[in-house]
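Labels run A, B, C and D following the written order; every chain starts at residue 1.
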Amino acid sequence: MDILYQVFIDPFVQMVELPDFFLQVLWEGFVSGVLYALIALGFVLIFKASGVFNFAQGIMVVFAALSLVGLYALGLPAYVALIATVGIMGILAYTVERTIFHHLVNQPDIILLMATIGLTYFLVGFGEFVFGGDPKVMITEELGLPTGSTAFDVLGGLVILQHIDIAAAVIAIIMVACLAVFFNKTRIGRALRAVADDHQAALSVGISLDQIWMIVWFAAGIVALATGIMWGARSDVSFALEIIAFKALPVLILGGFTSIPGAIVGGLIIGIGEKLGEIYWGPLVGGGIESWLAYVIALVFLLFRPQGLFGEKIIERV
Amino acid sequence: MFYREAGQFKTTYEADQAIFPILQDRMGIAVIMVLALVIPLFATDFVLASIMIPFLIFALATVGLNVLTGYAGQLSLGTGAFMGVGAYACYKLTTIFPDMNIVVMVLLSGIFSAGIGIVFGLPSLRIKGLYLAVTTLAAQFFLEWCFIRIPWLYNYNNSGAIEVPERTGFGGMVLAGPASPPITRYYVVLAIVVAITFLVKNVIRGRIGRTWMMIRDMDIAAELMGVRPLFAKLSAFAVSSYICGVAGAMLVFFWLGAAEPSSFSITVSFQILFMAILGGLGSLIGCFYGAAFIWILPVLLRTLLPSMGLDIASETVEHVSRMVIGALIIFFLIVEPHGLARLWQIGKEKLRVWPFPYA
Amino acid sequence: MTQTVAPAGGEDTFPKLLIRNAGIWADRPAIREKDLGIWQTWTWAEVLDEVRAFAAGLAELGLKRGDKVAIVGSNRPRLYWTMCAAQSLGAVPVPVYQDAVAAEMTFVLQHAGARFAVVQDQEQVDKLLSISDDLTDLERIVYDEERGLKDYDHSRLHPFAAVQETGRKTLASNPQAAADLDASIAAGKGSDIAVILYTSGTTGQPKGVMLSFDNTVISAKLACEFDNLTQTDEVLAYLPMAWVGDHIFSYAESYWSGFCVACPESPETMLQDLREIGPTYFFSPPRIFENLLTTVMIRMEDAGPLKKKMFHYFLGVARRAGEKILNGEPVAFSDRVLYAIGGFLVYGPLKNVLGMSRMRVGYTAGEAIGPEIFRFYRSLGLNLKQLYGQTEASVFVTVQPDGEIRADTVGKPAPEVEIKIDDSGEVLYRSPGVFVGYYKNEEATRATKTAEGWVHTGDAGFFDNEGHLRIIDRAKDVGHLTDNTLFAPKYIENKLKFFPNIKEAVAFGHERAFVAVMLNIDLTAVGSWAERNNISYASYQELAGLPKVYEMLEEHVVEVNRDLSTEPRVAGSQIHRFLVLHKELDADDGELTRTQKVRRSYIAEKYEPLITALYDGSKEQDIATEVTFEDGRKGEIKACVKIVDVQTFGIETQQEAAE
Amino acid sequence: MSVMEAGTPAAGIRGAAATSAETAARETLLSVENITLSFGGVHAIRNVSFEIAKGEIRAIIGPNGAGKTSMLNVINGFYHPQEGLISFRGQERRRMKPYEAANQGIARTFQNVALFRGMTTLDNIMAGRTLKMHRGFFWQCLHWGPALKEEVEHRHKVEEIIDFLEIQAIRKTPVGRLPYGLQKRVELARALAMEPDLLLLDEPMAGMNLEEKEDMSRFILDVNQQLGTTIALIEHDIGVVMDLSDRVVVLDHGEKIADGMPADVQANKAVIEAYLGVEH
């Protein structure tokens, strides 16, 4: 009975007893959820337009952050380095499309997935070769991002919000808004949606698949850069970040592979759920459950709704 | 060119369904087996311990993954963890039964891995494709977490790692531990790998293997032909995990000599997956090609690049070899998505119809 | 074997030979058939058991000594057993070409008066039933494959297996029946008629050649000794069972020497089966070798340029040195080395793919083989030999002995064969294999076989300095142009047919001013050429009429003319004009015999307007032709056929003949 | 000769009168009663009943979207109807898994060829024998003794089917390389390997040329006559349906609009309106 109490009652008692701490945890979860969501967003962009599950999204985040820091270290002013990094992501998108996916059109999904895993390997090797394997510090201040923190008096306690986290949330919201506008209001955006719906139809209205793929990879690169800056500001910039790419998978499972709102919601669910789990239930089993909780959440979820939160029910036909 | 098949006709189904129905293939495999047996006479301990033993072990793990992914069509990213289960199971077994033959322990430890594999395979009944990858990722991270958080598994060592004690078998031969000679370990590993590969081949060409492939190729049709998805998928998970578990136990006991949880990290899972893909999904011979390629190529790069007069830091070599492997994977996917085994098969087909371009 | 078998009373009949074989080679394979995916194999002991069971079953059904048993179907162990089973009872097997249409079959079965027919499948049963009103003698039909026949009226239809089953039961339960069978086998003697083989005949109705056991057994014995055939050899039986070649090679010689005969799974898989078996002893009409060569060349067309180059380079080496090496003549060391390399890279694999790796002895017979084709195979190192034979001779008239192989002769007289050439140039022979007579056709027998036992071959020929016989053509086909130049149509036709693009050629010129030919393109070869060159065509007719095709064929004809001009005896018969026929010559339309020989006079009659046009200088000619479709319906096709003049050459006097 | 009339396997020989008397006397193999199937409110099948007699060839026809394939899916347990009863060999069933249907002796082919593309023709047909093979994992590992014996026995059966359908030449060809018509034949072979009591054929002749259709018709008739297998087939080619089938059910918009002898159905006004008049 004791164990049941510890699992089902005690954590909630704790939440109620220390509401400020609970809020703090929620906020932490929310922030990491935002970052998960951003990574997932990169996946969704590419998956939606090309059906490629881009495993390299995580490494693109690292690669973008490293490029930024590396260019700055070479002596470029911060903003010039930022623009140059955007250029690098553009070149990367172009190269990836030309050398890899251009040759893999019409291959099965699994092959495309494997190609992105190969790309991951290559980028890791390449990144380490160029930038070295040591962790770097993100040039947060130089980019004019806020540092420091503000403490709020809430519910009889203090909740501390890092400014950079607030900025991250704001930037994420702006980015999602921009993407929404891009998809709904611009010609290219509409073209992208056409491709997602029907490759043949898109081709017949005169849209080049190659261009579309380049654009989505570039867009995903910019999302990766933003993610890299945010994540880098909270911790070091290193290849250890790669691991967060795996977190995107449960996020996508929850949100569906093609839904931008799904990515956001899924990211938040995972981020918050993970933090709550770690803080309130983790100690029961010795902690560190953050490493796998996200997957178990997704897994449990899948068992009840195999098509994801925003996916449509699958009717199998023979 | 080398194939002279005229006159090789089959008068029984047994002969027709043999693993190597063509005489020249049988000769080829015999030559390879003889080479494998006599290699230790020429090779240094370094070659045995750092190239051949890990190559064989990785090849076996790849066989395990291939059963699941290549033959049963269930994508798995948790190979490393299943190998870990085997390793830790073996460690605990040999702690409890220190006098038992270590080879027996290694083979038994796979059973634990198989059990865990079945548990994590259960969701595959409802979940397919990429979605299933999540299940196996959950297994990977959860099991890795277990290796860290359950001190009982590593006998409450302060280091959190497992150290292979000296273990004997077959009349007092030292088979594991720091004192065991590489040549002994090589032969043990070779025997286990060959035996398991042979058994797997048998399963694959029989009824059970066919049900796996049916599920892989067209699960709905398979079900309408009387295949029970539950049994087909779980048996694939069990066999696959068993083999991975044995490979994991061998990895620690016959190669590394010590291991910590990171020895079975997701990196290992990916490494094995690459071996399977590069070698060719759905091909046993491909497992060996893939393992050779991914394992031996970096070793070669490490030895060759410096010897070519390029004085490069060892970590740079590491980086370069990663890039090369990444690029090669992409290259192979573009040139031949079905891996080295398919290239081999095409080559063989060409030789069989030589001088004609096709049959 | 549980039942006792009467002691072999000698080796003069096949049933007795079978008993001998079952004794000395009880566990050696006697016959195989690719069936249900594998080579089902019967040992000699098992064959004896099967044959006895079937014989006993036939006896139960009422088969008597002297009855005729028609055998219709492709090469199957059961049909071969039928021969021996019938012979065991003293009945005479009459194999019939299985692709004959019902009307052709009517004649043979009526003429032979077959009481029983053992056939392969429903198709043959249907055929026989459709003509059964005309076959008053036919009482029972036994069939091998039961498929589709379940619902037929079985009052006179019997499944093979059921007949055997009855036979087995009778043999087991009735000692008298077994004794009768043994007695019947023992009663057989060498002079009995062993088989009646109907020759397709290039003109007129088929004639039934009666061969005695002495004829066939002795012929088989001599042939086996000549080529050292033993029980370890393997043979593929794929030629029509009604052809004397198959009867002697796949039946008689097998029973004599004990070698194993393999039956292919189906005609479509013949080449695959040939490759699997890899026979050590191979027998084939030139047509098969021609077709194989054509396929080889076509398939190589798709190879990469480097490989193609290598292939043709080594074929060149083989042409230069291959035959000499095979004949044991001196060859330059460099050529020997090159030939060895070529053996590894080209000849070995090629022989392997063709299923000829293990071939120890190969024969081509039936008609003359193009010298180039013959040399091609010889240069690969295959011991391919020519044989000249006839149904009336139980095949063997002349054979090329090992080491004396020449493309342009048919060899020396076979063992125990005497040959003479009469004043008109016709070849006559006398041998132990000479047939007993034509069945129910005394007149024809007298016309062919003299009182002294000499048989007219109907072929013109002569012996060369080395004692080899050279056949020029059918005696009645050799003619003269109006200027009295020798005109040997087949000689010219064979030269033309060497080109893969030409499937069939018919030459005219007898009592005419010059030689002209009609050609048939090879649809496979020319079609593949058209495909490679992006030339589209809807039909054979359209393809045959394409100007580009004409150009290509004209080159071939000019090539032949150049060749002819180097041979003084025939230089005058160069081709002046040719045309490409708008349809394929077809046995169903009566233009070819069932053995795919050209029926020259029939064609001359049928395409009279075209022949006139060939000689009156017209540039084109309209023609309408009746054709028979596969299902037996008739139709008519119309075409306008172009006629082309060809360059000819002056006679070159060459002194190389002495070489 | 009397043999002739009885024996010719030509398609048209089944006299309508004889057949109707025959089928009436035959026992029912499968019956569906008042089946209703819907997906999220959309009715695919509405209150359809018919029965299939043992040994007959039963055609199910109707315009596109009439619910024909859904009907087959219901029969072999892939879809579960909301209402209605199915009885097979006299036993009622409501809900069953596809592999249970397979176990009871129902086999089928698919509208879009559903072969196991990674396997050879031989392996595909061997796959059809799955249910008949029982050796456990241990023997499978060894592939020796009883397991080998079993494998060889079933190979023999499969070879008989290969022989029956005349696909010897493609025995060891991976099915992905085969032309469409042959793939369909391999699929039929695979279904036959199950030795079913009831064979469901979903448009067995779709996308075939005339010659291939003739071959396939012959094989279907052979299967029915030689092996005695009951066949239910969906087919668009009306000529084929009329020649092949003993009785025809016509569906339109998920409802049954006619059921009877081919000739009667062909003359039925509702059918002509719904189906025969419509161009496809």
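Just so we're on the same page, contacts are C-beta pairs under 8 Å (C-beta built on N, C-alpha and C of every residue); 3 or more make two chains touch, one makes a residue touch a chain.
This structure is a prediction, so every number in the text was calculated from the model and none was measured.
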| said: By mean C-alpha position, what chain is farthest away from chain D? | reply: A
| Interface with more contacting C-beta pairs, comparing B-C to B-D | B-D
| query | How many Å are there between the centre of chain B and the centre of chain C, using C-alpha atoms for each centre? | reply | 56
| Separation of mean Cα positions, chain D and chain B [Å, integer] | 42
| task | Would you kindly tell me how far, in whole Å, the mean C-alpha position of chain B lies from that of chain A? | result | 33
| Using CA atom averages as chain centres, what separation in Å is found between chain A and chain D? | 50
| query | What are the residues of chain D that contact at least two other chains? | reply | 78, 110, 114, 155-156
| task | Can you tell me which residues of chain C touch two or more of the remaining chains? | result | 37-38
| For chain A, residues contacting two or more additional chains | 318
| Sites on chain B touched by chain D in the complex | 12-14, 17, 199, 202-203, 205-211, 213-214, 216-218, 220-229, 235, 282
| note | In the complex, chain D touches chain B at residues 76, 78, 97-99, 101-103, 107-108, 110, 114-119, 123, 126-128, 130-131, 133, 135, 137, 140-143, 147-148, 150-152, 155-156, 190, 194
| request: Over in the complex, which chain D residues touch chain C? Could you list them? | output: 1-4, 6-9, 122, 155-156, 159-160, 162-164, 168-169, 171, 222, 225-226
| said: Under the stated contact criterion, what part of chain A meets chain B in this complex? | reply: 53, 99-100, 103-104, 107-111, 113-115, 117-126, 128-129, 133, 243, 246, 249-250, 253, 257, 285-289, 291-292, 295-296, 298-299, 302-303, 306, 316, 318
| query | Which residues, counting only chain C, touch chain D once they are in their complex? | reply | 35-38, 126, 129-130, 132, 147-153, 157, 265-266, 268-269, 272
